[in-house]
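The following pair of complexes shares a single chain, subunit A, combined with subunit B in the former and subunit C in the latter.
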Partner chain A sequence: MLGLKSKKDTSPQKTITEISELKVTVISSVVSIIVGLLFGLVFLFIIEVIKETPDMTNPFYGFSNLMVEGFSSIRSIIKVLYKAAPLLMVGLAVGFAFKAGLFNIGATGQYTVGAFFALIAAILWQFPWWAALIVAMIAGGLWGLVPGIFKAVFNINEVITTIMLNWTALFFVNLLFYNNPGIYESRERTMNLAVANPSAILPDLGVSDSYFNIGIFIAILFAVVIFIVLERTTFGFEIKACGNNKNASVYAGIKAKRTIVYTMLISGALAGVGGGIQYLSGTVPYTVTSTTLLPMGFNGIPVALLAFSNPLGIIITSLFISYLQVGGEAMQPVYSPEMVNIITSVIIYFSAFALIVSQLIKKYMKKRLGGDEATEETDVVLDVASEEVNKISTPKTPEEGGEK
Partner chain B sequence: MDIIVIIIANTIAYGVPLLLVALAGMFSERSGVVNIALEGIMIFGSLFGALFLTSNLMGTDYAIAHPQFMVLVAMLISAILGTLFSLLLGYAAINLKADQVISGTALNIFAPAFAVILAWAVQGQGITDIPLPDSISLTSDWFGIASANLPDWLDTLLNKKMYLTTPLSFVILAISYVTLYKTKFGLRLRACGEHPQAADSVGIKVLRMRYIGVAISGFLAGIGGFAFVMASSDSIFTGQVAGYGFLALAVMIFGNWKPGRILFAAFFFSFFKTISALSTDAQLASIFPTFNLESPENLYKMLPYLITLVVLAFTSKQSRAPKAEGIPYDPGKR
Partner chain C sequence: MGDYIIEMNHIRKEFPGVVANDDITLQLKKGEIHALLGENGAGKSTLMSVLFGLYRPEKGEIRKDGEVVNIQNPNDANDLGIGMVHQHFKLVEVFTVLENIILGAEPTKYGFLTTKETREKVLELSKKFNLMVDVDAKIEDISVGMQQRVEILKMLYRENEILIFDEPTAVLTPQEIDELMKIMKNLIKEGKSILFISHKLNEIMEVSDRVTVLRKGKYIGTVDVDKTSIDQLSEMMVGRKIDSIKKNPAKKTDEVILEVNNLIVPSKLHKNNAVNNVSFQTRAGEILCVAGIEGNGQSELVYGITGLEKISSGSIILNGKDITKMSIRDRNLTGMSHIPEDRHKYGLVLDFNLGQNLALKKYFQEGFQHNGFIDFGKIKEHSEILIDLYDIRSGKRSATIARSMSGGNQQKAIIAREIDCGAKLLVAVQPTRGLDVGAIENIHKTLIKQRDQGKAVLLVSLELDEVMDISDRILVMYNGKIVAELDPKKTTPQEIGLYMVGAKVQDRFKTVGGEA
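On to the complex of A and B.
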């Protein structure tokens, strides 16, 4: 990375290169998204053919609903923002851990614990919304701290610990639920916040729509703070150094173990706030389940991956995924809203090929610019693109267990 | 006595899919490819197995006379579809050198959505569950013994939650062990996961070996998914496998990437899971202390996960992952 920077600085075409770097990342993301959407359309046709009574106009209507719904009315736009807020938080949680080379697949557990403690604070303790959010943050953070400590002290892969803690979180929350009768309305769900404690509902800034609250602004604020931490502070540098090469960072005097613990603590806290934002909106009660984990935490993974774990990019991708989800609901009842996940998965699959896409772009640029000058410039671009891929590459699982 | 038999029967029922899928993960990781897509492969494979078992074919005379043959065919369908699906991971991870965790995650998102949509399209709107026919379970009659002639405990053990995949999984375990440690192929596969450059230098085709590793992984995960649907999910395909793919990943790490220890790890986990499941059993619940808690079964349900964590903490020193796993093979890097 340092070598690359000096190369850039000495280059007379510094500004052009920097623009191109962003361009290539954006172009390859856009290409992935277009491929994913096209695949979705083709998939709709295939599904229609399998049906007993195929109607070939259905795929077109379904697809246009998917694409248009998110913009169709003010209410839809508000819904997109509403759904994006918790997505943005869990996306940040996953992306922040990725930066340190950790795969926090346990965002869903941290989210669940955060959500439930926010409700405990709101209903049982009668806290105002901001204090309940802080409680959610602490609870999620502590839930993320455990895998961090296991990783740092015992060198146990965080994938396995967070998976175990996801299920533990679910049953732990159920246990708390049943043993605090004050919190539930029935044996299935928690009290309605509007009745139990209206001051715990996130403020709506005077917009009278049940889906509108300041959640998305809180989430964006967090994204900006995380961006600043990563790009402008020593701690952020240490995190990225750990993620790029743990051994080298230890050699350079970075306390890798401490960094890992803090990273997981913060990652868990971010997911916890996500849970708080979702359930303090007052639109949904927490419903007890003991067979499935809450899907929200897992949705953070594609959000982070699509943005190459860049906190500011995560703002955009969470809005995009949320827009698709709102559109997906509009495809009912002809198609299942799961269609959105098909499209998301194809987009992620292709974005993993970022390197290939950027190579194609490089070829194209070479052709257009021609000559030797262009070659050097695009080489740098390619380096950057491949580095971008490296950045998001997650920990190489199970790890140097035996070496230490 | 009865309790012990029930515990054994349930431990086997929960443990078999874990064992199969953990072995699946082992083959892929030993060849150097991290396979986080196990969950997705299980769902994708078992979806087609379940569709086969509920298709019109099952109404034919032959199928009614030979239900176990049909189960075998369904299992092979699951395995083959699992293999095909896993090749998507192989292509991204091996040919295109993409990040293996990312492409694996893509498959994990795709499979459950695909299962719901296909089940919805095939069975009609909103119906996502595919219940399997009753004839699929193994009974003592199938072995030629009338169940009335058996002692009670053996009857429980053989006639409840026993499926074709149960005995087969132990055969697969034995074959896996022999393949990995006693054949030339196994040695080569392991070499590709430890030091692919060294393997390449003695003429082993690293990329091909990794493809085979991923394909075996898909094959076994497909069978494992099918076993899960039959044994652990009350014979209903619901479009998800309750996180078993990820649990199997944990079992594989717990089992230190070795077949024998994976067997132990799978049944260790499923034993505690069985115990925790018994806490909701109407007759047995009274045995479990409640600690004055409301719905104490949630406390017991946490146990298998917490105990696994504690055991991992104590055994972490011996843990040893294949060295080159997760790193795309680059012949230029020595």
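On to the complex of A and C.
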């Protein structure tokens, strides 16, 4: 809520310092991140200790690289931004749905469909980048719309439908891939955009670094727009009302079903744009896989959670997680890529976990300050989410098909 | 001093923007029923939550049997023999009665539940105190009255000696209230001590021994019930005399505002229809009251009219327009406001602030939004007016989160919002539930004022006093049907009672599809 403090002081003396909602949120997030990092360090020691020939300099080497790499050079910073862009989009997708009380675990499916349609538009239809992004948005949106409709019309839990649609998305994309020989270079990966359609690559504004493109700016723009939609518009008001109390929204004349459908449509569209931004960067081809879902969509969950679904907060948390991922790469060769994956997952996981703990603390403080006993619902969401984070934190090779 | 089982001395509890308890002293004698009285937001629930360990006071001490105790949380309270029935029950809906009773104090042997002995213990308790429950029924399937008995059994099972009841009667039907009064007297006989919050002065006069009155967070005094009167109590409570409602007769008009024809609403609980072929009309300038015992279709009738539930057949005409198939928003805009029965489920978005809640039915109108962008300044301005007009008390005015407001003030907020809509028809379901006498007086005056301004008020109430006092015409519902149409001036509560229990049916309603 807006931190409006009433000017009128009704109490004669004020002994309780008012802790604004925002402050608590920021503190919780920061503390969680620190706790997550500490766990990461402890974890590095543990792996070292159980080695046959422990070398106690390794954890320090690894950890400092992990921490420093993201800032170490312009190129690393560019890479952090590059990786953050799609993360930001999927984080927004998950966070936006959270606001309406919906748990969109299907961001990865929407992301995948968005990614592939962006490539179809770019390679087969020779669209310029912006048009390809719009195609990605539409495709992702439609993929989100389906669970939205199921939820609104048949009251089928969106968690189930979105999970199922994740796999449907993957196989649907594979089907399209094999049926459109024009799109692939080999029977594994799509054509290099630089060859197939250079105008579909996101503009780099003259920066020569191959990782640099306007993706991050597009994503930030979306975050700001989503923030404005949620906090300033009647539509956002309706979304939050539905998320907080669906019965009361219906009573107030809000079309809750329609709101749910729109929310899922938009959520899917955001994830779809994320897929578009990633694959229109021209740095990665889409690589066919039929055994694993792309982890990007799932990473949106901790991104959204760490930011309490606040769109502006999501900008920061996506940068943080991307920074970890970039830092993780610098831990090689001492640590194998799989190891790095585990370590970054540990940090992300424990951050999310610490967040739940800090939520509990916040609840306790609220109680002392006279808050309420009923934040249980959000806790349930967090619990589910933490389980999900748990599941996906187990490393998944191949990571987005590897970069060129 | 020695005969007090609980003493709360100089308790102070603050919330951001309000001092909910300011130097409050409460002494509970062993074996008494001690009532706690005060206006909405006076700090009663807060004080009890302090005793139960939900809040920690900034100042003051609590003594049990003369010794200072430190109550950090409800477990500590429980160890000291203090139990509490909250106004909104805290039961697990999908668990059985038995499971709920033992929850948190499960008897185990080698890590396994030993339900058999517990079951006997619970059955024994329920017999001893005359608390009839079906131990194997699920909470979601039993009535509110029975749920409350479960809460009481829960305290007894934990062998609590000091029982706190926070507004136990607000959610009960008059019959259930009588029952509860008996149970409370029984508990005293068995050596328990009771703290009892209620806004209903006649209940307090009936069961309690002493009363402590709070006003705006401050301690006003403690009096013996034998030595006081309803008038004195209400004066202590609000600081002024409460006048009885003066009502000038309704101006008769022929303008029909609401017309309900052969309405049938299916029931969610059983196969029969909850509302079975009901027809009636409400005219401008009258308060039409639908009376009846809870569960005879009044709620569903309202849900059908307001569009919250689907109807199976019939038609509804509002201001001459057929609204049978209209959306809820369109119904509202055609001229309907609705004070809902369940304020937490429908009435408020608890995590929104007061200002937003007061704008829940207006935020989309021009002025409150421009091109889809909400004007929060306007929302605040609008709410500040209503807050003053309806005396809604809260810590941070329009910025207060609705959840943190006292129950009665939440209700006032809903009423303010609905009347502010200015609709021709006001559907009010139990509008005074949980309100203090002063606030009830205000609401009644407001409803009558609405009527005098030519609006139609459809009032659903379980409170016979309220029905007799302010309605111009009474319809009695029994078993989904209207069984009588009465003139409050020419009938008696006894007569209404007979229709309510189905012992009598007016001739004209005996045939199917009678017209009211």
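Assume the second predicted complex is superposed on the first by the 314 of 404 C-alpha atoms of A that agree within 3 Å, B and C clash if a C-alpha of one lies under 4 Å from a C-alpha of the other, contacts with A are read in each partner's own complex, and residues count from 1 in each chain.
Going forward, a contact is a pair of C-beta atoms (placed from the backbone, for glycine too) under 8 Å apart; a residue touches a chain by one contact, two chains touch by 3 or more.
Since this is a predicted model, take the numbers as computed values, not measurements.
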Partner chain in contact with A:125 - subunit B first, subunit C second, else both or neither: neither
Which partner reaches more residues of subunit A (counting touched residues only), subunit B or subunit C: B
Touched partner set for A:217, first subunit B, second subunit C, both or neither: neither
Subunit B versus subunit C as contact partner of A:255, first or second or both or neither: second
Touching partner for A:71 - first (subunit B), second (subunit C), both, neither: neither
Subunit B versus subunit C as contact partner of A:247, first or second or both or neither: second
Subunit A residues contacted in one complex by subunit B, in the other by subunit C: none
Contact footprint of subunit A on subunit B as seen in their complex: 29, 34, 36, 88, 92, 96-99, 101-103, 105-110, 112-114, 116-118, 120-122, 125-126, 128, 240, 242-243, 246-247, 249-250, 253-254, 257, 293-296, 298-299, 301-302, 305-306, 308-309, 312-313, 316-321, 325-327
In the complex, subunit C residues that touch subunit A: 13-20, 46, 54-56, 58, 306, 308, 327-332, 338, 340, 345-353, 356, 360-361, 363-364, 369, 372-374, 376, 380, 395-399, 401, 403-404
Partner subunit B, residues of subunit A touching it in the complex: 47, 50-51, 103, 105, 150, 154-157, 159-161, 163-168, 171-172, 174-175, 178-179, 181, 290-293, 298, 301-302, 305, 333-336, 338-342, 344-346, 348-349, 351-353, 355-356, 389, 392-402
Residue ranges of subunit A in contact with subunit C within the complex: 1-2, 4-6, 8-12, 14-16, 18, 232-235, 237, 240-241, 244-245, 247-255, 367-374
